[in-house]
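Letters A, B, C and D mark the chains in the order given here, with residues in each chain numbered from 1 onward.
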C-alpha cells in the first residue's frame, strides 16, 4: 500500500539531462545512490513511500547466522547534527532473510540487492555468505567488519588489519558475488586497513560505518543508551567520512562507496568528488523517508545546473591532477 | 580597554550556592572551566570582554621552539555543528611567548597559566619545556602530541603509544611543573594511548584534540582548506569526546580534562559526570567571546538547581557503582 | 510526509500545549486509529535531527484537522511550543497501530497517566460512537498538570487521581482499579508512563480483564526502518523485540514484557 | 556582543540586501571606523555555528542605527535575508581596524568592486566631513548588481564600470585608473574581490599612489583568538601572517603580499 502521505508531496520525477548511471563492479547502477545498511531495514517499509526500483541499489540490514534480538533500549539518542544508535544487529537471521525478505525484494526487477553480513567469528561470516551465495537475488555482499554495537565481534575485524585480511580471504573463498568490505572509522590509519583489505581480495570498499560515541543523561546520571556506547552517524560525521573517502580512494585501485551524513544531493556530490564511485544514505532516511530519491533528484539537478553530462565526471574531481591532498 | 559591547550584556556574576572549586594536580582551581589551547590565543583579546581571573585556568596557544607562520588560507571551514581548522600552529615561538605573552598574563593573580607545547621532534619539545620551566608564570605544561595540522610532527606522537611514551619520559625529565598530555582522538584505542602516557609519567591527560576531516568546495572542485585536511571541533564531536573521556578516566588513575564541543554548562556537567576533573572550552569562544564565563555560571546554576553542594560530586557520577559501561 | 499548516497552539496546562494542525492526509479516506501518532520535525535545523512522536488526541473530520497535546519535555518540544498558527510543520503520519476495536464490547475502561492521557480522547469518542460505555481513570502529579478532563467527561464518567491530592482522589490510578470497580468492564485501554503501565498490567491481569497498553520508546524513523524503538513482546511462544512504531505503539497487554 | 533589533531589511539589488540594525554599542561614545565589520550570528542553530563578517555601510548617529549591505552568498546569508524588522540578531562589533584618516589629504580616490562597495559609503561620508574631495570608482558584473551608486554620488563624482557594459563604462575598474586620472589624488581606499585588489595594488603602486586595501579572509572568531583569518603582510622587513580581523581588515596597500 502506498502511504497516503505521498499525495501531498511534490513528485520527485525530475527530468535530468545528465546520465546518472555508473558501473560499479559487475553492477550497472542506474544512479550511484543506495540506502545504507541498517537504515532501510529490508525495504518493505519505504516501499510504501516510493518505488524501490528508483534506487541505484539497496543495502539491507546486517544479516547474521542466527536471529538476533539486539541490545536493550534506549537504543537511540539525538546529538548535535547526528544521532547515536546501539541497535546491536537485530535481524531475523540469514535463513529467514533468504526465505522472507529477499523474495519480497525480487519483485523489484531493477534493484540490485546488496546484503550486509555481520557476525562474531570468521566462521559465522563464512556460513552466512555461503548461504547467501546460493541465492540468485544477491548482487553483492557487504562485509560489516565495523559494527561498534556488539561485544566480541564486528569491530575487532575492522580495527586490526591482519584480522580484516584473514576475514576477507576467508569470505572471498566462498562468495560467488562481489565482496564490498565496510570499513570502520574508529582506527588510527584507515588507509592501512583499506590496503590490507584490497590485498586480501576485496572487490570494493564502503566507508564509513559509525564512530563510537556516548551521551550522558545528566538528569539520570548515567549513559543514556542502555548499552553505554553507540555509533555516531549523521551530518556531524560527514567531514570525517569525506576525509577518509578521499584518502582511501587515493590509495587503492578498487572502487569506494562513500557513506556518512549525506542529507542532500550536494553532499553526494562532495563524496563523489572526494573519490567515491557511489554513495550510501543512512540517517537521512529516518528524517525523511523520501531521502534517497530526493537526493537522486538533487544530484541530477546539480549536474544539470553545472553542465555535467555524466555523473562519472564527478568521481574524484576534487583531487586535481595528482590525486593527492595539496600541502 | 573593556570592549563596550559588554555594556549591553547581562552580568554573568551569578551567586552560586555550590562550591565550584576543584583541586587539579598541584593547582587549586576556583572552577573547573578553562579555555582550550588555540581557541583563546594568549588571553589578551578576551581580556577586553571580561576579567580573566574568573577562569579556572587559561591554556594558551600551542607554543613551538621557533616562530611559525602556520598554513596557507583558507584555514577555516564551517561544518554541521562544527568547524574545521588548519591553523598549523602559528605562534611567535617560545622566546617571544616568554618575553611578551606570559608577563601580560601575570597581571592576573588568580589565573593559573597552562602552556600548550608543540613541535616536530622530541628535542624541540624538550627545549621548549626547558625554557618554560625557567619561568615562574607557568603552572603546568600541556603536551600537544595530537595536532593534526602539521606535517611530520604532533600527531604521530599521539597515535603511536611507544612514541608517546618516549616523548612523555623525555619531557618529565626536564619539566618542573605538572605535565598534562593532550591525546588525539584519531586512534583505534585511546585507552591504550592513555595508559602508555600514564605509565611514562604523565601527571594528567586532556582529551580530545580535533578529529581529522575534510570539506570539499564542490563549486571549485577541490578541498576547501588550502591544507586539504583540517581538525574537526565543536558540538559535532561531543559524543566521541564524552565516550573517550569516560573510557580513559575509567582506565587511568591520573586526572582527566574533558574537551570537545562544550557550548553550555550542561555540556560541562556531561563531561564531569563522564569522569573529567575539569573541562576545556574551545570552539564556543569563537561563537561567543563570553563562552567560558557563561559556562561557569551555567554550571553553577545547574548545580544549585540540582542540590549539588560541590562540583566534585559530579566527577564520574555517570559511572554508577562499578565505574564501567553497562553492558 | 507532508508540510501542513498550524491551525492553533494553546497552552492547556503547566508546560502543556494543544497543537491543532491540518491533517497530513485526508482522514476521511485514510483510516486512522486512536493511539496512532504523528512524527513531527520540530525545526529544519540539524540540532533537532530526529522527529518527535506525539499521539493523535482529537480529530475534526469536517475540517480535516487534528490535534496533539504535549508537554514540554526537552529542547525539541520547547521549540515546538514556540510555533504559532500559520507556521508550517513537517509531519509524517498518522503512524503505527492504535487501539483495536471490539464491536461486541459494551463497557470500556480507559486509563491514562499524565501526558499519556491525550490519545484516550479520540479513543473515547470512537468507543462512544460504537455505543460502548466509557469510564476513564486519569492520574496526574498535581492539579496544574491535569488536562483533557472535561473533554473526556463528554464521553462518560471520569475518575481523577492526583499524586498530591490537589484534584480528585489522592493516590495512584491503580488505587482506583479494585476488583469490584473493574468487574463492570469488558476491556481496558491504557496509556501513560512505563511504571504506571506495568502496575496496571499487573493489577488488571489479576482481575483477568483483557486490555491494551500503549508503549513509549525513543524513536528514530517512526516507520520501522531503524529498529530503534523496540519493546519485548511475548507472542507465539517466544519473546521478540518488536518495533513500537510499526507493530505498536499499542500492544495487547498480555503480550507486553517488562524487565 | 549584543542582541539588537532589526530596524529594516530591504532588497537593493539582485540577491543584495540592506539590513539596518540598532547599533550594538553607542556609536557616539565608542569610536568606530569606516571599514570595520560586524560579526553576525545568522541563527542560533549549530548548523551555522560561525558568525558572518559584514562591513559597516551606513551609520545614523542620531538614532544609533547602522546598516550593512550584503549579497546572498551561501546558506548563512540566505538565512539572514529571511529575517524581518523587529527580529533580534546577535551581533559583535564593530570589529577590526578600518580605514585610517589622513587629515592633510585633499583628494581621495575610493575604489570598490561588487559587494566590496558597502564600506566605501561611510568612508566617503567621513572623508567629505573632513573636507576632502571624494571620487569613487565602482565596478560590478552587471547593472542588476550595481548598488549604492546614488548614495556615493552624494559625496562626490562616481565612475561606474560593469564587466558587461550594461551600466557605465564597459570593462574593469583598473581600466579607469590611468596615470592621468590618478594624478589628482592624495590617496586611495579600495575594497573588493581579491583579484581586483591585486590589480589595483599593482597599477597604483606604479603611479606611486599610496592607499589601503580591505582584505577578505574566512573568519572564525572575528576578535583575534582563532588565528584563522590571516593574510601575508610585509612589515618591518619581514613577511608575517597577520590577522585580518584584528590587525585588519584594512591594511596599507604597500604591505599586502598576494601569492
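As a working rule, a residue touches a chain if its C-beta (ideal position, glycine included) is under 8 Å from a C-beta of that chain, and two chains touch if they have at least 3 such contacts.
Bear in mind the structure is a predicted one, so any value in this text is a computation, not a measurement.
Participant: On the document's contact criterion, could you list the chains that touch chain B and likewise touch chain D?
Facilitator: Under the touch definition, chain B and chain D have A, C as mutual neighbours.
Participant: Where each step is a move between two chains that touch, what is the least number of such steps from chain A to chain D?
Facilitator: Contact-graph shortest path, chain A to chain D, evaluates to 1.
Participant: Looking only at C-beta pair counts, which chain-chain interface has the most contacts?
Facilitator: Counting C-beta pairs in contact per chain pair, the top pair is A-B.
Participant: On a C-alpha centroid basis, what's the spacing between chain C and chain D, in Å?
Facilitator: Roughly 57 Å, centre to centre.
Participant: Can you work out the whole-Å distance between the CA centroids of chain A and chain C?
Facilitator: 35
Participant: Roughly how far is chain B from chain C, centre to centre by C-alpha average, rounded to an integer in Å?
Facilitator: 46
Participant: In chain D, what residues contact two or more other chains?
Facilitator: Within chain D, residues 46-47 contact more than one other chain.
Participant: Give the residues of chain A that touch two or more other chains, as numbers and ranges in rising order.
Facilitator: Counting only residues that touch two or more other chains, chain A contributes 77, 80-82, 234-236.
Participant: Name the shape of the chain contact graph, picking from line, ring, star, complete and other.
Facilitator: Chain contacts: complete, every pair touches.
Participant: Could you please specify the touching residues of chain A with respect to chain B in the complex?
Facilitator: The contact residues of chain A facing chain B are 77, 79-82, 84, 151, 159, 186-189, 211-218, 221-223, 226-229, 232, 234-240, 242-243, 246, 261, 266, 269-270, 273-274, 302, 317-318, 320, 325-327.
Participant: Which residues of chain B touch chain C in their complex?
Facilitator: 80-81
Participant: Which positions of chain D touch chain C when the two form their complex?
Facilitator: These residues of chain D touch chain C: 43, 45-47.
Participant: Touching chain A in the complex: which residues of chain C?
Facilitator: That would be residues 1-4, 24-26, 29-30, 41, 46-51, 76, 92-93, 217-231, 240-241, 246, 259 of chain C.
Participant: Which bits of chain B are touching chain D when the two form their complex?
Facilitator: Residues of chain B touching chain D: 4-9, 38-41, 44-46, 48-49, 61, 69-70, 72-78, 80-83, 85, 87, 90, 234-236, 263, 283, 285-290.
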